[in-house]
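Handing you this structure, nothing more for now.
Naming follows writing order (A, B and C), and every chain is counted from residue 1.
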Amino acid sequence: MVHNDYIPKLAHILEIKEEVGGARPIKTFRTQFQNKNDFSFRCGQCAMLSVFGKGESMISISSSPLVKDYLQFSILKMGRVTSALHEMQPGDIIGIRGPYGNGFPIKDWKGKNLIFIGGGIGLAPIWSVLNTALGKKEEYGDLTLIYGARTSKDLVFREELEEIKKKIAVHLSIDVEESDWNEFVGFVPQNVTDKKPSPNNAITITCGPPIMIKFVIKALEDLGFKDEQIYTTVENKMKCGIGKCGRCNIGSHYVCKDGPVYSWAELKKLPQEY
Amino acid sequence: MVNLEDLKNEAHKLLKEGTVKYIIGYERGTNGLLPIPAFIKNPEDVERLIWDPTCVFNLTRFLVDEKRRKASEKEPDERPVGVIVKGCDSRALVVLLQEKFINRDDVYILGVSCEEAGVLDEKKLAKTLKGKKAKNIEFTKNDNFVVMTEDGKTEISAKEILAERCLECKANFPVIYDILLGEKVKRKSDKPFGSLEKFESLSKEERWTFWKEQLDKCIRCYACRSVCPMCYCDECVADTINFAVTADTTAEEKAQKIKWAEKSPVTSENFVYHLVRAIHLAGRCIDCGECERVCPLDIPLRLLNKKLEKEAKELFDYEVGFDPDQPSLVSSFKDEDPEDFIR
Amino acid sequence: MEKILTKKSFPQWVKKLSLYKIYAPVRDNDICNLEAIDNPESIDLDCSNTVLSPKKIIFPQREIYLEFETSDENKLQVKEILPEETPSVIFGVRPCDAKALTLTDKVFSGDFKDPYYWKRRNSTTLIGLACNIPPSPNCFCLSVGGSPHSKEGLDILMTDLGDKYFVESLSEKGSTLINLAKPLFQQPKAADKKAVEKTQAEAEKKIVRQIKDIKKIPSILENMFDSPLWDKESLSCLRCGICTYLCPTCHCFDINDEVSSSSPVKGKRVRTWDNCQFPDFTMHSSGHNPRPDRSSRLRQRILHKFQYFVELYKDYQCTGCGRCISKCPVGIDIIEVLDKVSDYGS
């Protein structure tokens, strides 16, 4: 039989959790393949999710590869496919193909301090690598999470964050003042500057809106981080996931295949086309 | 006969005096006999301008781009854009004015009359020349064409190589202009809908077979839509996603957008695309013939539009492109309108 | 294997290939299309090149990936659809278009071999026709490593010698086709070989258009991303898809679900051609568009063909067929654009 990567495997939704409500809702989906799970992936990789009749959408995997029982996706309702996903119920069937992309080079990060910097839904790709590092905490140095959103209601994984706070340093922020908020108020880059993480033996992983990433990188540079110490993810519109359909390229790189993870040193060399 | 030097002088004056911000005209290209659109800013560059029977493009199409560009500029240059128009192109301008898509103040119209000639049909010319390559073509005083080939000059009767639409032209001179070059001479056209005759003689079944065969060729490159000055919509029913998505468009709005036509170039979807386009051009198409000229598969798109033009004339006595103050065909109603068209 | 086939015998050869699906250039008034044919008499090898290249057969504009359906028990079923491997022959393939397939071969290979492309590609035999006269005044194959009689990518090359064809088999697939009608073919004489050489040499001289300094282009382009040239050259671009859809090397595609019933859900997932000149090609669902204007889209087309593809596959993604030049509604001329790129670099 010919291997046909365009054909998704069927999976059912085990559980749906509402993370954020309002006009830009986010839900987290746990899914399980109908047949045996031979889907092995690396942190930072993505999967192409199908809602049959609506189409496909590339979503980053937010669970850790250490978790074998389910694949988790945290999805912002944005267009045709993600709206359909938000309408779904546990038990409904979706298609999954992949995994796609390069993933984070976590093997090279052993023994290093990891600083995760996320904004809004950008915590999803970070979540996979953060939980992997937490699962093998002895292999890494200090772990730190700096995470923010527009309001306290826009923060994802709120319950889990409370758990994680017990294990590692977590610095949360919201953009504007709220009563009952005891942590930082301001944008994520400002929180980075405020918390002054040390560049010593450290790697930072930052995901979020492009404008946030831009200023986080600037803040990190000011703190003395080198380009090679800063990792981020890029997104572009994707269809095939395997570098053939031609639309997600940045220069000669196809983000679906050669990305989405780039060090700032690598990204700097590419044209600004994302 | 319009003198090219006069055209250049007028253009030079307009640019030199700063009356217009730039002029859209024709210049020689490198890819073949037909010219390319010229966007001229500096007075000395008017030397690039040409005017001959190869000037087939309807340059009013570029006013659509100009409008978008201006809208995106913070401090736009408020001066009008100069545009060279033939009779047919001027009627397109009238429609754009009638629909208030452009303001009269935003455009400076350099009208050129085709007089009794018109522009050529490249395919007819190729047939007439039987393999010889035309290097240059000029109008003559008696409205024939002088064609220069590798074998020298030959004079060809205009009728032989004129574009079909020119033979059926209702006004081969600009109907609206700031400057007019050439005479307002009306060429006799006995059969304004002559090209429809053969098609109209077909039975319903034959017409279906004809159009199915033609539209099945379509590869949906959308060149017909892209070249049309009337296809200025921000979003088009033919696109699977719509362009008019902004940061404020909600997920629901995006999810609920109807896919009227799939991207697949199959009979049903091609028909939806082409028929919607044809209907949207009813009472708006001024028969510049550009859609048919640019079609790489040679689909006779002009026939569709011409047929609707004829319907508009016969049912509602509506003629397009002569009066910017005329109510538009599809949004107006008169007591004497026939009732049998809606059933 | 080198043979001679008289033009008179050509239709008989085609008839002998009844086990194959035959595609060939067919005249449709003023243009030539590549069509499936039943009658050898409808083949027109004197046509200029076809509007669309054999890309349209190997990589058809519409390909069904799968069908999905919800059954009565509310069970979703997904069925993989693969094309049938129909042995096919394409006649009249111009050398530029055959070379183009060697380029799309690279794209559809790699870590993931595209089964749709390769099923069609492997079951197709390409019979080339050397261009004694350039099919288009905008041909420039010589500038991009091709020639009017290049054999690259072909299974057979035919050269028109007046009342006969010089037929050269270049692969096992090609020899099979000749062997199916052995008695129709004769051994070429020394004079025939000389005639072929002469024709080929003359053919090259007839190609007038060329890109200057093509070898320097990829490295110059590396520094031209932010050049004002793209704005200038794209000023008249209408954002239609002619240049890319007609290009024998352009391979971009879209994947969409086409639904015939929404409740219960039933439909197909299809791949269709797409192209970098359409504004929605790269638009994110947020509305953000990394290539928001025609200048960035023209830049993408040029850079993909002459820089990115070279970086990835060590070849230009262009074979000089001239279609994009001849058919551009506003005369955007890739040779002119590249010549301006050279000027920029000097």
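Everything that follows uses one rule, which is that a residue touches a chain if its C-beta (ideal position, glycine included) is under 8 Å from a C-beta of that chain, and two chains touch if they have at least 3 such contacts.
The structure displayed is predicted, hence computed values, not measured ones.
When the C-beta pairs in contact are tallied for A-B and for B-C, the bigger tally goes to B-C. Averaging Cα coordinates per chain and for the whole protein, the chain whose average falls nearest the overall one is C. Chain centres computed from CA atoms place B at the largest separation from chain A. Between the CA-based centres of chain A and chain C the separation comes to 39 Å, rounded to the whole angstrom.
Distance from the chain A centre to the chain B centre is 50 Å, each centre being the mean of its Cα atoms. Distance between chain centres (mean CA atoms), chain B to chain C: 31 Å. Touching of two or more other chains is recorded for residues 78-80, 82 of chain A.
Annotation for chain C: residues touching 2 or more other chains are 254, 256, 274, 283, 285-286. Of all residues in chain B, those touching 2 or more other chains are 254, listed in ascending order. Every residue of chain C that touches chain B in the complex is listed here, in rising order: 28-31, 33, 51-52, 61-62, 137-138, 235-236, 238-242, 245-246, 254, 256, 258, 270, 272-274, 278-280, 283, 285-288, 325-333, 335-336.
Considering their complex, residues 65-66, 68, 76, 78, 80, 82, 107-108, 110-116, 119, 225, 251-257, 259, 262, 265-267, 269, 271, 274, 276, 281-286, 290-291, 296, 300, 303-304, 307-309, 311-312 of chain C touch chain A. The residues of chain A lying in touch with chain C in their complex are 2-8, 10, 50, 52-57, 78-80, 82, 93, 95, 235-237, 239-240, 242-252, 271, 273-274.
Per the touch definition, chain A reaches chain B in the complex via residues 23, 77-80, 82-84, 86.
Note for the complex: chain B touches chain A at residues 250-252, 254-255, 257.
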